[in-house]
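Both of the next two complexes hold chain A, though its partner changes from chain B to chain C.
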Partner chain A sequence: MPSGNLVLRRVVQLVPTLFFALLLLFVMVRLLPGGPATAALGDRGTDADIARIEASYGLNRSIAEQFLSYLWQIAHGDLGVSYSLKVPVTELVLQRLPVTLTLTACGSVLALAIAVPLAALAASRRDRTTDLILRGLFQLGLSSPVFYIGILLLTLVAAKTGLFPVGGYGSGFLDNLHHLVLPSFALALNFAAVLFRNLRSAMIEAMDADYVTFAIARGLSPRVVLFGHVLRNALISTVTLFGLNVGWLIGGAVITESVFAIPGVGRLMIDSIFARDYPVIQGLLLVLVLTVSVVFLLTDIVEGLLDPRLNR
Partner chain B sequence: MPNRRNTSLLALAVAAVLGLSGPAPAAAQQMGGTLNFGRYADSMLLDPVMNENNVDIWILTNLYSGLLRPTDDGAGVVPALAESRSWAPDHLSVTFTLRPGIKFSDGSPITAGDVKWSLDRARNPDNGVWNFMLGSIASIETEGADKVTLKLKNYDPTLEAALATFNASIMPEAAYEAAPGTTEAEKAQAFSEHPVTSGPFTLASWTHGTDMVLKRNPNYYAKDDKGNPLPYLDEVHFEVIPDDATRILKLTSGEIDGTEMVPYSRVGELKKNPALNMELFPSTKITFLNFNSRPTVGDKPNPLADVRVRQALNYALNKEALIKIVTHGVAQPMQSYMATTTPLAMKNGPLYAYDMAKAKALIKEAGLPAGTELHILSLSGNQDFMQIATAAQQMFAPLGIKLVIEQLDKPTIAARQKAHDFQIVVTTWTNDIADPSQLTSYMAYYPLIQSYRGGWQNKEVDALFEESQKEVDPARRAGEYATIQKIYTEAAPIGFLYESPYPVALSKKVNGFVQIPLGNNIFDRTWIGK
Partner chain C sequence: MSAVAAIARRRGRISLPLLIGAGIVLIWIVVGLFPGLFAPYDPDAFDYDALLQAPGLAHPFGTDSFGRDILSRVIWAARLDIQIAVFSTIFALGFGTVLGALCGFYGGWFDAIVSRVIDVVVIFPFLVLIIAIIAFLGPGLFNMYVALAAINWVSYCKLMRGEIRLQKQLDYAAAAQVLGYRDLRILFRHLVPNAMTPIVVFWMTDMALAVLLGSSLGYLGLGAQPPEAEWGVLIADGKNYIETAWWMSVWPGVAIITLGFGLSLLGDGLVVYFGKKERS
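Showing the complex of A and B:
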């Protein structure tokens, strides 16, 4: 098991990471042309209205002053109030983040559930028909944009069969899950393709390794060799890839959320950037950096379980 | 000549035939039921005064009533909470009498005090961005519980239209003041989440970004022609579905009963769907190319400062072709800088009919060298705008003009317009008020925002506009607007493109829904048949 040290070390590392990410973003969003009032009023905003509204947000102060007061605010657990939606950012995040996390979690689990067994199958039938068909299918999955898969699923599955709702999120946990089946699948397909390719080649590499030859020579069954030795060793790089790709997966969730009308942080992030809604952009960044950090930590722990040498 | 008896017999016979073969009487309106409506975006702040967006404005009329309301054609006003109005002979004050016994959704009476408080809040220059519409009011006085007198600084021909606009909604003073919060923004936010309303509906629930439920207000003042209480519907469920394709799929699969903002490319297909009514509601929406008319942009000379170049571009724009490409034929070429649905708009046929020879001659006269570059800003992600920009690129090419397209997001474009750092921007506009003054103050009148940030100025237009804002005689006001439009058209501060309808697709069982030219979605007479 990984020592508590690892966790502690990561938490300590997180503080400066968060600080600099926040500082960078804080300055960057303010360098974007057009402020929140310009975004809201568009081309018809009068100078007086724009100045008055931006002053009411405290944007007439220097960036340093704004940043210090923001730090003071978050130190007190207050993420501010959205400029465009006028509701507290904490409330928005608590409402939206679980949706995106559930979607990405379902997508990830589904991607693993698709990729791992099929990669094992393809690797064990290297260059035979099964392998070729699977590789072809995943190539298609990899090159199809998420929104395209989404629309296809909605048109061919949801609207035609009526088994799943055409977009939306529903209410209640079971209803939510029901609404998430197709979007998770759309999200998983791309990701599964990436994982499949990686895991298949890692497994093929492992199959050629001396310890596998030795295991076979010892008379272990092919099944034990494949799952006990080959897969376990090949999974390490896949887990690393998985962890690294969670950020990308959240990016994919943005598009999925739009196509399937799911109210997650992805859509909120896009809307906030277009609205120059600084408090929401900052609040979401904080939360997403935290989320990705936790996923990285979990990835490290799993890698350690798969290969105890990494814990030393 | 037939005798008298025969005539009446004939009349009876005609009446009988008409009665038998004429159209069946309209099906009786069904009371009750829930309408599920798919929206392209959610509302942000449902406060009549502090809101800044169409997503709020177009819904607010379902929650609040004003003293007056716009007619369905968006060109006039009719009484709403006020039963009658009477202008003083000097036109410097107007007295409204409220309908007897009107109540807010919580059962409390709507009083003259609420009206005064609501309008004072709406015209306070510190509140929101719409207070200018009521800027001519000097003070408001009440008399008893049902009479309100507005005293004016000067006669304002737009006042009645302004009082029928969302920001002049009547709200309950006591309930609003009891809402938590210290600043106006905080109070507006708190109240708008749990409002007490004067319109056909109240807000039953709202999950931001997902859905909103409006519930019938049992105390709504209005009744239909037969005296039945409005609204007919028990509830309206709004679901937010940003993706066009998903929204339409939800409609065709029957999960929702109606949806707005149908892309023009899908209109033809949905018209053929026997389960749907594909409605194209007349609108005040115009689409145009906004020109920068200043002599320089940045440090470089700006060819668009020459009126001949602006006119040439107008002649080179093939409006009919653009309408076919972008709107699949549902739009009309512009006849003025205002949509024809705007009161006092000129309707003398399309402006600058396509004429490449004239365009080339004007360019030659202006001495514009071949290979001149012009830059056009287009909103990124907006397919219609991109099609317009690329079509314009091809249409300007024969003039020796190279049009460079820049795709940017909305705040960036707005910031560059504000900084005068642009040459051409693809732009749309819809009126918020049933009067030409709002659009004119933005487009043609320099002092407000330098003619839509384009820098074009005509002193005569500025003076005429100021006159028209105080004009008591409607005929003279119409004359002033005719002159303004004539001068504006000749000076061509914009590339005139088209006016287009609001595409709304509804299930066949939905009746009585209307989106008026100002954009307001009106659900108070909507009903669901079998």
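Showing the complex of A and C:
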């Protein structure tokens, strides 16, 4: 069990990182070309109009001043109001983010469900036909872009069989899940391939380890050895991989959303960037960064639980 | 069997993945360099007598809604997608490797600052950040390269930093120091060449990812811009016809998968070729 001390230290380490991430985000959004007034008015805007609109958003103040007042806002749980949609950003985030995160979670779980048993199967049949076929298939899966798998699933499965909806999002929990089956599968394939490759080698390494030879020598059944010893150790690399890939998974979810027309954060983010809607861009990215850092923290803790040596 | 395994761990072994991977990549490079030799038609020529034709003798991959030959478009797109694989990674590789080498060699406050910057960059979801930067700069390949160079150096920097920290503890580094060589000469003439193997292996995987990423961005309208033929753009073109003319989207996808497959096999093969890495 990782001590509370260690967890606390990790959280404290996170604070400056988050602060600088927010600072970087804030400055980047303002320094990159374009502005909310020019985006809204196009070529018709006169300099006076643009200045007036930017002043109404407080953009005529110095960046330092703007940043301090933004920090003050966030400290009070307020992400500001969208320039173009005139809705509180918190409301938008709460509407869109759960969709993206549910998709990411479903994709991850599905990837696990596909990769773990097949990796165990491949590892136990090392270098035989089953292993070679599985490795080839997953290598192909690794090279298949999410959007392409998505389109194929839409055409071959959704349109042909009618078992699943052709994109969009449902109403109510079960209907939502039904809408997410194919998108999750499209999202899961790449991650499943990454998991499979690493789990297979982790399991093979564990099978060659002395403690497994000893466990077999003690007369434990192959099943007990596989699940109790080999899989348990391979689990650590799964958790590490999830931590390393969560950024990719969220990005993949954003692309999947666009293929299946799912109303998650992806469309909202791109639209708000084109409109230079600073509060929305900042709010969305800030929440995503928070999500990633929470996952980093959790994977650290779980790794410590699984392998106490890591806690030192 | 164990004798075979022992040989397999030796350096310089040409494995099957290496051969297949190198073969596929080589084919695509030749096709990308000389598309004119392989493409049966002009990729941009409209043919109103052959709209949306299914694959057949005249058009092996079929034609699109303007009668353009899909095979020729896929072949010409190879040039652009190989360019994407190289340009999306090479700047990050150059910058990240040099920075990582300096960090690993000197340590100290410089290393501390760079490490903090890396911490901040990796906490952003990679793809989302790339998409955001491109959307800001404006869609297009050049801005895609800029966005990737600005973010992706982090991976190379981390990898090189760790490698150099390992290498500089080895005897030959101490020997070079005793011989009185200057720091930068030791670092770039002695340590870096010995630390390049994992970088090269990662570069192959990274190029495979760049092909996927580049085509995804092309599909989303953020990468290569139509009418330029790029595999992701071709898939997007065909998306609306997928019920009636599946060949428009399916073949470019097959091209993406084969190039990605080849690059990652090549990466795997190189791991075997350079020999299993020993950890101290």
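Worth pointing out:
Keep in mind that, in the parts below, the second predicted complex is superposed on the first by the 297 of 312 C-alpha atoms of A that agree within 3 Å, B and C clash if a C-alpha of one lies under 4 Å from a C-alpha of the other, contacts with A are read in each partner's own complex, and residues count from 1 in each chain.
As a convention for this text, contacts are C-beta pairs under 8 Å (C-beta built on N, C-alpha and C of every residue); 3 or more make two chains touch, one makes a residue touch a chain.
Remember, it's a predicted structure, so these values are computed and weren't measured experimentally.
When the shared chain is aligned, chain C comes close enough to touch A:L24, but chain B does not.
Of the two partner chains placed by the overlay, chain B and chain C both lie in contact with A:S258.
Contacts of A:T130 after superposition on the shared chain: neither chain B nor chain C is touched.
By the touch criterion defined above, A:G167 reaches chain B but does not reach chain C. By the document's definition of touching, of the two partners only chain B reaches A:R44; chain C does not. Contacts of A:T299 after superposition on the shared chain: neither chain B nor chain C is touched. Shared-chain residue A:G247: touches chain C; no touch with chain B. Of the two partner chains, chain B and chain C are each touched by A:A159. When the two complexes are overlaid on their common chain A, residue A:S84 makes contact with chain B while staying clear of chain C.
Once the two complexes are overlaid on chain A, the chain A residues touched by chain B in the first and by chain C in the second are 32-34, 151, 154-155, 159, 258, 273-274. Put simply, chain A touches chain B in their complex at residues 32-35, 38-47, 49-50, 52-53, 56, 84-87, 92, 95-96, 151, 154-155, 158-159, 162, 165-169, 258-261, 263, 267-268, 273-276. Remark: chain C residues 116, 119-120, 122-133, 135-138, 208, 212, 215-216, 219-220, 232, 235, 239, 242-243, 246, 249-250, 253, 256-261, 263-265 touch chain A in the complex.
Residues of chain B that touch chain A in their complex: 44-45, 52-53, 126, 129, 185, 188-189, 207-210, 239-243, 245-247, 249-250, 252-253, 255, 290, 409-418, 425, 427, 429, 442, 448-449, 452-453.
Of all residues in chain A, only 16-18, 20-21, 24, 28-29, 32-34, 139-140, 142-148, 151-152, 154-155, 159, 246-248, 250-252, 254-255, 258, 266, 269-270, 273-274, 281, 285, 288-289, 292-293, 296 touch chain C in the complex they form.
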